[in-house]
Each structure stands twice: as structure tokens, then as C-alpha cells.
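Report on one structure; see the data block that follows.
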Amino acid sequence: MIQKEFCPIISQTEIAEDIFELTVKACLVSQIKQPGQFVHIKAANALDPLLRRPISISSFDQENEQFTMIYRKEGRGTSLLAKMEPGMELDILGPLGNGFPIEEVSSEETALLVGGGIGVPPLFELSKQLVAKGVNVIHVLGFQTESAVFYEQEFLKNGETYVTTVDGTYGIQGFVTDVMGNLRFECIYACGPTSMLKALEQHYSDKKLFLSLEERMGCGIGACFACVCRLADDPSGVSYKKVCSDGPVFRAGEVLI
Amino acid sequence: MIQKEFCPIISQTEIAEDIFELTVKACLVSQIKQPGQFVHIKAANALDPLLRRPISISSFDQENEQFTMIYRKEGRGTSLLAKMEPGMELDILGPLGNGFPIEEVSSEETALLVGGGIGVPPLFELSKQLVAKGVNVIHVLGFQTESAVFYEQEFLKNGETYVTTVDGTYGIQGFVTDVMGNLRFECIYACGPTSMLKALEQHYSDKKLFLSLEERMGCGIGACFACVCRLADDPSGVSYKKVCSDGPVFRAGEVLI
Amino acid sequence: MNRLHVELPGLKLKNPIMPASGCFGFGREYSQFYDLSKLGAIMIKATTVEPRFGNPTPRVAETDAGMLNAIGLQNPGLKKVISEELPWLSQYDVPIIANVAGSLEEDYVSVAREISKAGNVHALELNISCPNVKTGGIAFGTIPEVAKQLTRKVKEVSRVPVYVKLSPNVTNIVEMAKAVEDGGADGLTMINTLVGMRLDLKTGKPILANITGGLSGPAIKPVAIRMIYEVSQAVSIPIIGMGGVQSAEDVIEYFYAGASAVAVGTANFVDPLVCPTIIEELPVLLKKLGFEHISECRGRSWNQHGQLAYHRA
Amino acid sequence: MNRLHVELPGLKLKNPIMPASGCFGFGREYSQFYDLSKLGAIMIKATTVEPRFGNPTPRVAETDAGMLNAIGLQNPGLKKVISEELPWLSQYDVPIIANVAGSLEEDYVSVAREISKAGNVHALELNISCPNVKTGGIAFGTIPEVAKQLTRKVKEVSRVPVYVKLSPNVTNIVEMAKAVEDGGADGLTMINTLVGMRLDLKTGKPILANITGGLSGPAIKPVAIRMIYEVSQAVSIPIIGMGGVQSAEDVIEYFYAGASAVAVGTANFVDPLVCPTIIEELPVLLKKLGFEHISECRGRSWNQHGQLAYHRA
């Protein structure tokens, strides 16, 4: 069940340039079903900004009732968020949507987790759960530049990890796809910019491939039709899925990206 | 000169029900000319609320560069203000307007300071300055009810002090004017609700009488024409004074209230 | 004491609070949060004859104290609304107001005829004011004579009272209101969104794929209040007010202006529990303000007693 | 590199930032805060033939991300503006745009004729859109033919270019813009305020003594952007844009929409230093966005290169 809750902030740290890791205490943790789900955050009690902001759950801890998000300080909402301190409370709605299906890989198989920039965070919980299940996990994490890189060590603990930067200032120069050619895996889970997801869909249509999409949202729960995408197979021309409540994770080929 | 300054909060205390005493550190203190001037405060860095709030300077300390305000938590702006804590910074514009002319009483004379509710605060600095000058000071402070009474002790230190409450739960039951009949004085300085100011103007037109007015403000500095009042003597029908920059204190009879 | 019961043409409302059309889907999502029977009514998403996908995304953009939307009337179409959504909603004890949209007069008439037969549809809301569809629409919402004709045609076929939803994007809202009253409207709902736009700082291009969108939220409340103030004095049919309502205080302001009930749109996205919260807080606020019944607030900005017989229970 | 110099009919502007009429008086108050010569131009308070006291108070009311005002064109009258205010302003190296108001056509014509003779008045802004005066006004701002006639009459007598200030309270803003262009307007300024209203929770009565007022501030920005986007593509005269501008980012958004300069109103009340701050931040932002000159931003929402010859230095 989706809950609306005022969650006390436990910690907030800048882990890379403009990238913040935020942990809150929240009863709604008990409702999380899958890695890749997200929450909808009100960054101010006031009207400015008005709308909630969708942020992925990057990891959670049922026992201690807390979960972590990693976000980039961008516009008004995330800038306000970045100023908040432990002890303050955040108005959070969640957990929302459907995440990555871990049942799609079995313990002997290898899963490739591909993240681009601020698409990396939800893969962390996914990685943890896959490893716990005995799946062999490889991570390919793409960033713009050195200062934007985060969580490399954390992912390394779970398995092989390749970091790429567009400008070559860290790790391998290039895009995530430049690394993937040499790797063997049965299933891909990916989250990142649309261009990255499109490239994956084009090149790896033969694999099991799950993509987490982004779309501007109103309600975040499926009521406003802000975040729809078309079905790939759409004879009627009017079929759709909602990123917020049907997604954000879809099987490649299911919807048009 | 008027300054716009980010002023760190030194202390904030609830001194009566919904009445807060707020002290800030501010260079603009050096610009204060008279008791009865005010500042214009932005209660949020964000857009909500948009406009500044006019609040009187209730006392100041040139040496330590700090000043105090006393305000009632009413609507959006003052409610936000009431949540602020020492160390936070307030965006303050001031000092604004023209205050009470203390040169109008000489040291042998008696000044009557009449305050109604949230009109009491600016009288405190006035009282201090008059006493320092050797003027005999009497205070009549009117409140709605016991829980709204504040600063009685502080005023008592400066001179005779009568407190009235409308419901009689504290001090003398009635209005400030009910007390005044028995007192002797040469000059009245008053700040409070319009009805109180009108009553004073009606009954004490024979005395020197200075009234501090309130009006909804836009700019607070004289540019927007939001806060005008008409001159009492206005043959042309178009003459006016601005409460923010000509006032808020006027000699009784000068403007229509 | 029941301070909130209100009667309007076709509608006996437990309370005058209802989610606004398009901001509540067909209720399923919000039913996760509370019992929909608590609501005064539900204004369901616009229904058209055929299913519509709507506009390309992005469909929403945030603005200061508001948001733009250009959903483009996405909906599953008349048949599905009648066969799936309305029956699902009938489990709740709450009257439905069906928002009727289309491009041509015939479309409106077809939807109105069919949807008004559903048992739980107690009123229609004729959406002549959607700013996000390119064909038709605009003339219906901006030319008095056209709006009047459409209202008349829909009234002829509807089995339930017809409320017409007015667009604020007109020079003279009173003229529009009078025209649809003349056309037989049983009530008005106002306002729909103001046409607005936002551009992306990096690209210079519109944030919305549809270029322009409808501005809703607190930003538009002063415009809505003004229009309801003007219209409520000029017509004798009741008004369901909307635009930026977020709190019980806002509801009272709408009643003062002349509304007889109030719809909540954008605020649902900010707080999914906003409607039941307002419904809970209203009686307390009314008591504090000294009103025995909410209808006493109605029209107080222009009339001493703020009360008209027809909408008091 | 000067990224900000802009030329418009009658106006060589150091930068395209100017305070909006009515939000800056005649400059005296803000001259306490900074050197007015820093400004691109100054739009002074509306001037009428006779001095006006304006409306009773309260004249302002806050709204969400906005404010209502009903000043009612208070001003010292043509004579005093010419004999006192304009000479005082002439100490600054800044072109003045005189806002011309009135109730009758003759009033506008008289003010325009006289005030356009002042040496530092480089352009007129014909205020046909003030929502806060009861007589005249409204027709000028809402009926295209009437607006066109007035523009023509004023053009006949004015010694300087005439900009017409459009009201957003119309069904079709493009029609209004084209009409005044036809009437000979050299430029447009838009938008004036949206008509709005607020009611007091305790009394139920309007907060403004004038009942309704003009809504300004960030709340109306999306409406202004949309209207400028539409109008800038339909006319060939330049637009000075306004409505909720608070930052350099907002200025760029206005240019993208199609404005050639930008005025700042309500934001002056929030931050008296807002204009010089924007002027300082603009070149930095332009550089960051990769523009050599602000004119490159113009019209980018609808045209690839966003540049028209006439307004580039």
C-alpha cells in the first residue's frame, strides 16, 4: 500500500559533485516490493515548489525502517532538498510503481546492471538483492565526468564493476555500450537517460532486458495521465502504460521509448 | 539610509500567547533615527509568501548592532517567522519611515504612551528614549485578554504603567481610553488599532498627539502608492501622505484615519 | 449538527467537496488512500465518444504556485467508461458528475445521451473549455451563442442536470455564463485552466510537447474568485467553484465569492488526502467563524446573508 | 563584450531590463539603492491629465506567488510630472518610457502630446489595460477597433515612438496586438495584470477596497509567456515583456518567447535591488548558455536562430 508519511532525515551527504545521498526513517519501507520503485517527495511545506519530485529508492533496510535515495541537485526542488538537515522531516509518498523483476534471473545466471548518471541509484538495491539470491552481477556505470562518479566502491563489493566517463577523466572513456560488447550475461537491467535506453534496446533485443523510464509526473500514482507512454504494439493507437504506476520499469519492447 | 541585509537571528521567544520577541544582529541599526520606525521582512527565501511584512522596531542597541521586534503570529508570514531559530538569517529591509518625535516633549513634561495590542512594541523604545531624556512617562497598554498581555514589567521599569483588558481578565477592565481620564500629561504618543487612534483623536485634539498608522503595503519605501492616506486638509482632493515613507507616525489632524 | 450538507440540481451532497475532473482519474487510485464515499461527489475524467490517447509527453510543467498540463483529454472512451469505470464507482455511495468532452456538437450530444443513463451519474459537466485540444472546443468555450446552442442540444438529450464548465480565457465571463444559462444549463462549474506556457532554459523550446497548457493551482485562485464573484451575481443557477483550492479556508473563500460547492484539482497531486482533510476541517472552521451551515457563507462578499434557498438542505 | 545592448524604436538600451510602470514610482525611492543609470530604461508611473488620488485603501492584497493591486492610477498629473519628475530623472543617463493613461480619448491624446516633448522621454507606453479604473479604459483594452483608433490618434501627436500595453484579460490577444499594430504602434508591452480578487476569511468581504484588483507577480508568468509567444509570431513590432520576472533566467525565458526587452514589476517590492542584480547576472548566464548576445535568445521558442535584425545593436 502506498503511504504518505512525514519521514525524519537520518543523514544527508554530498557523495559527488551535486550528488546527495539522503537516508530517512520511514514506516513505508515495509511496503517496498521491488528494487527500482520510487517515492514522491514534497521538497517544501510551502507552495514553492508546488509539485512532488520522483526519486528512486536506492537501498532500504526493512529492519531499521529506513531507506536511502541518491539524487542530483538540479532545479528548485532538489536544491531545497539538498539544504535539509538530519532531524528535519520530509513529506514522502510511496513506495510507488513497479521495479525490476529479480525473478527473471536465476542463481546460476549473470545479470548486467547498466546505469547512466542519476539512473545509477536504483541499481544498487537491485544489485544487493541479486547477489543475495546468488546471481552473478556485473555493473556498468556511465557518468559524464570524474566529479560526477559515485558509489563505485559500493558496487564493487557486489561484483565486477566498470565505470565509464564521457570525457575520459575517470575509468574507461566512452559510453556504457562501449564496454558491454566484451561481457557475457543473460539479462540486463538498466536505468539512465533515454538515449542510453534506446541504444540498449536496439543492440540487445535478443536478451532479457528491463528498462527504467523517466517521465514528468503530476500525481505519481496513476490518476492524472501525465506520464503515459505508448505500447510498442498498438493497433488501436490509444493503448498506453503509465510510467508512475505501471512502470517505471518495463520489459524492453513493451512500450515505446 | 535604507539597507537590505541578511540578519542572523540572535534569539526568539514566545512572550505571550502567539506573541514573539525576536532579536537580530544587523548593521542597519546604525541607520535608525527614531523610535517608531519599522522594517520590512521577507519571511521566506522562497515565493511563499511573496511580499515582505512590516514590523516595528521595538528596541535597539547601537553598540551591539542588534534590534528587537515583537510580533503576533497571525497569517502565513508571521507563522513562518515564528518557526525560525537562532542562527538562521532573515532578509530585512530598513529602517523605514519616520517615527515618534521625542523632541516634542521637554524634560519637565509628562508623556503618555498609549498602546493597543500589537501596537505596543514601538512604544518600548520610545519609552526608553523619553526616560533617558528625563521626560516623565506614563504607559497605558490595552490588550484583549490576559493571555495576550506582554512587556508590563519592562514598561513598569520606565514609569507608571496601566494595563487594560477588554474582557477584564487582567488589569483594569475596558479600553485604554477608560484609564486616561484620570491622568495628566502634555503629549500623547499612540500606536494601535484604528478605532483606538480615532477615539484618541476625537477626545484629545487639544493635546499634542502623535499616532502611528497601519496600512497594507507593497514596497514599504514609497514607490508603489499602496499605503496612502488623505490629508485632513485637502482642498484639491488629491493630496496624500504615504504611511510607509511619510509615516507611519503622523501628528493627529494631519491625515485622515 | 451537519454543517456541510448541500443540495444542487441533481445532487444531494453530504458535503460540498469533490475532486475536479482530470485530477482524480475515475477514482481507483485515490481509493487506495480513503473511502471515496466520504466525498461530496466525484467529477470524473473527461469522456469522449472514442478512446483518446491525448497529447505527446511531457504533458505537465511546474510553474510558480501552479502547474501547466496538456493531457489532451486522454480517456478510455464512452463505452469503457460506461462498462467499466462507472460500475466500479457504483460500489461507493457518492454521486458522479460526468465530464463530457468532444470536438463536434454531435460528440457532446452522444456522450451526454449515453452517459447520463448510468445510474450513478447524477449530473453532467459539459467541458467546453479544455485548452488542450486543437479542434473544436475553443469556439464552444469562447463564443456565447455557440456555447448556448451546445448547452441546449445537450440538455435535450441528458437525463440528468447539466452543468457547463466555463473557460477563464475570455474577455467577458458574465456574458458566457448568461448564454449557457439561457441555453438551459442547470449549473456552472468554473474555472477551467488559464492558457499558459513555459520554456526550457537550456533549449529555448516549450517544456510541454503540446507547446501550451492549462494553468491550474493556487496561482489562478484570485482569477477564479473574481469570476465567480461576478458570475454568481449575474445568474441564478448555482456554481461549483474550482481553481487552486487547497484548504478549508479556500473553500470558505469560494463560498463567500458565490460558489455553492467546490472542486479540488491540482491539490490532489500534492496531497492525495487533501479532500478528506478539507472535509474534516471544514466544520471546525465554520464553527470558529460562527456559521451553523456552510450555505450561510455563500455570496457573503456581495450579499449580507449569503444564503439562497435552493441549495440549502 | 557587450552582450546586453539592445535597440528598439526610440530606445537605445544599455541593457534590456527596466522597471515596469507603477512599480517604481518616478524612480526617486529606488535611487536610494542604486544608480538609476544602470537601468536599460525606466517605465514611469501612469500619468493622467489631472492629478489623481486613486482608489481607497487597502490597495494591495497578497496571493499565492502574486499580489493584487488596485492603486487606481494615483499620480501627480501631467503638469507636475513634466515640471518635477522628468527633470529630476534627467540627471540619470537612462531613457524614460512614459506610461500614458486616461478615461477618454482626449485625455490620452493630451498627455501623449505634452509628455512626448520632454527631452528624456524616449517612448510612450499607452496604458489601455489598467483594470483598476472604472470609466473608459476597459473598451480601449478589449475592443480591437477602439484600441486601434486610440493608437492612431496618439501616434498623430506623439513626438516619440508609441508602445501599446496590452491587457491579458481578453479572449484573443493576437487580435488586439494586430489591431494596435495596424493603428501604428511602434511596439507592444505586455502583459498588464489579470483581474483578480481576494476575500477576507473573517468578514467575507473583498480585501481590496476597490473589490477587484490586478494580479501580478510570478503567478502570471506562464500566461505572459504564452501570450508573447503567440503575439511575437503574429506582429512585426517588438515586444517588451513583463509579468513575474524575478531573475536572469526569467528574462531569458521572455526572450525565448519572443520579447525584445523585459520589465520587472512586483519583484522590486520583494527586492529593491532586483533590477541591477539581474543586469549583473544576465551576461554570466548568457555566457553559460552559449550566447554572445541576448538578442540571439529572442524567439528561440519558435524560430531556430531567434534573431531579428531590427533590435540588434
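Chains: A, B, C and D, in written order; residue numbering restarts at 1 for each.
Everything that follows uses one rule, which is that a residue touches a chain if its C-beta (ideal position, glycine included) is under 8 Å from a C-beta of that chain, and two chains touch if they have at least 3 such contacts.
Molecules present, by chain and UniProt name: A, B = Dihydroorotate dehydrogenase B (NAD(+)), electron transfer subunit; C, D = Dihydroorotate dehydrogenase.
Here the structure is a predicted model, which means the values were calculated and not measured.
Asks: Kindly list the shared contact partners of chain C and chain D, in label order.
Replies: A, B
Asks: Using C-alpha centres only, name the chain that sits farthest from chain B.
Replies: Max centre-to-centre separation from chain B belongs to A.
Asks: More C-beta contacts across B-C or across A-C?
Replies: Here the pair linked by more C-beta pairs in contact is A-C.
Asks: Averaged over CA atoms, how far is the centre of chain A from the centre of chain D? Could you give it in whole Å?
Replies: Chain centroid spacing, chain A to chain D, equals 46 Å.
Asks: With centres defined as the mean C-alpha position, give me the chain A-chain C separation in Å.
Replies: 36
Asks: Roughly how many whole angstrom separate the Cα centroids of chain A and chain B?
Replies: 55
Asks: So which stretches of chain A touch two or more other chains?
Replies: Touching at least two other chains: 47-48.
Asks: Enumerate the residues of chain C that touch no fewer than two other chains.
Replies: Chain C, residues with two or more chain partners: 63-66, 217-218.
Asks: Classify the inter-chain contact topology: is it line, ring, star, complete, or other?
Replies: complete
Asks: Mind pulling up the chain D residues that touch chain B in the complex?
Replies: Residues 22-25, 28-30, 32-33, 45, 50-54, 57-67, 69, 71, 74, 77, 207, 217-218, 266, 268-273 of chain D touch chain B in their complex.
Asks: Provide the residue numbers of chain B that touch chain C in the complex, in ascending order.
Replies: 47-48
Asks: Quick check on the complex: what are the chain D residues that touch chain C?
Replies: Of all residues in chain D, those touching chain C are 63-66, 68, 142, 169-171, 194-199, 201-202, 204-206, 211-212, 215, 217-223, 225-226, 229, 244, 249, 252-253, 256-257, 289, 297, 300-301, 306.
Asks: For chain B, which residues count as touching chain A in their complex?
Replies: 44, 46-48, 80
Asks: Spell out the residues on chain A that touch chain C in their complex, using ranges where they run on.
Replies: 1-2, 4, 42, 47-52, 93, 215-230, 236-240, 245
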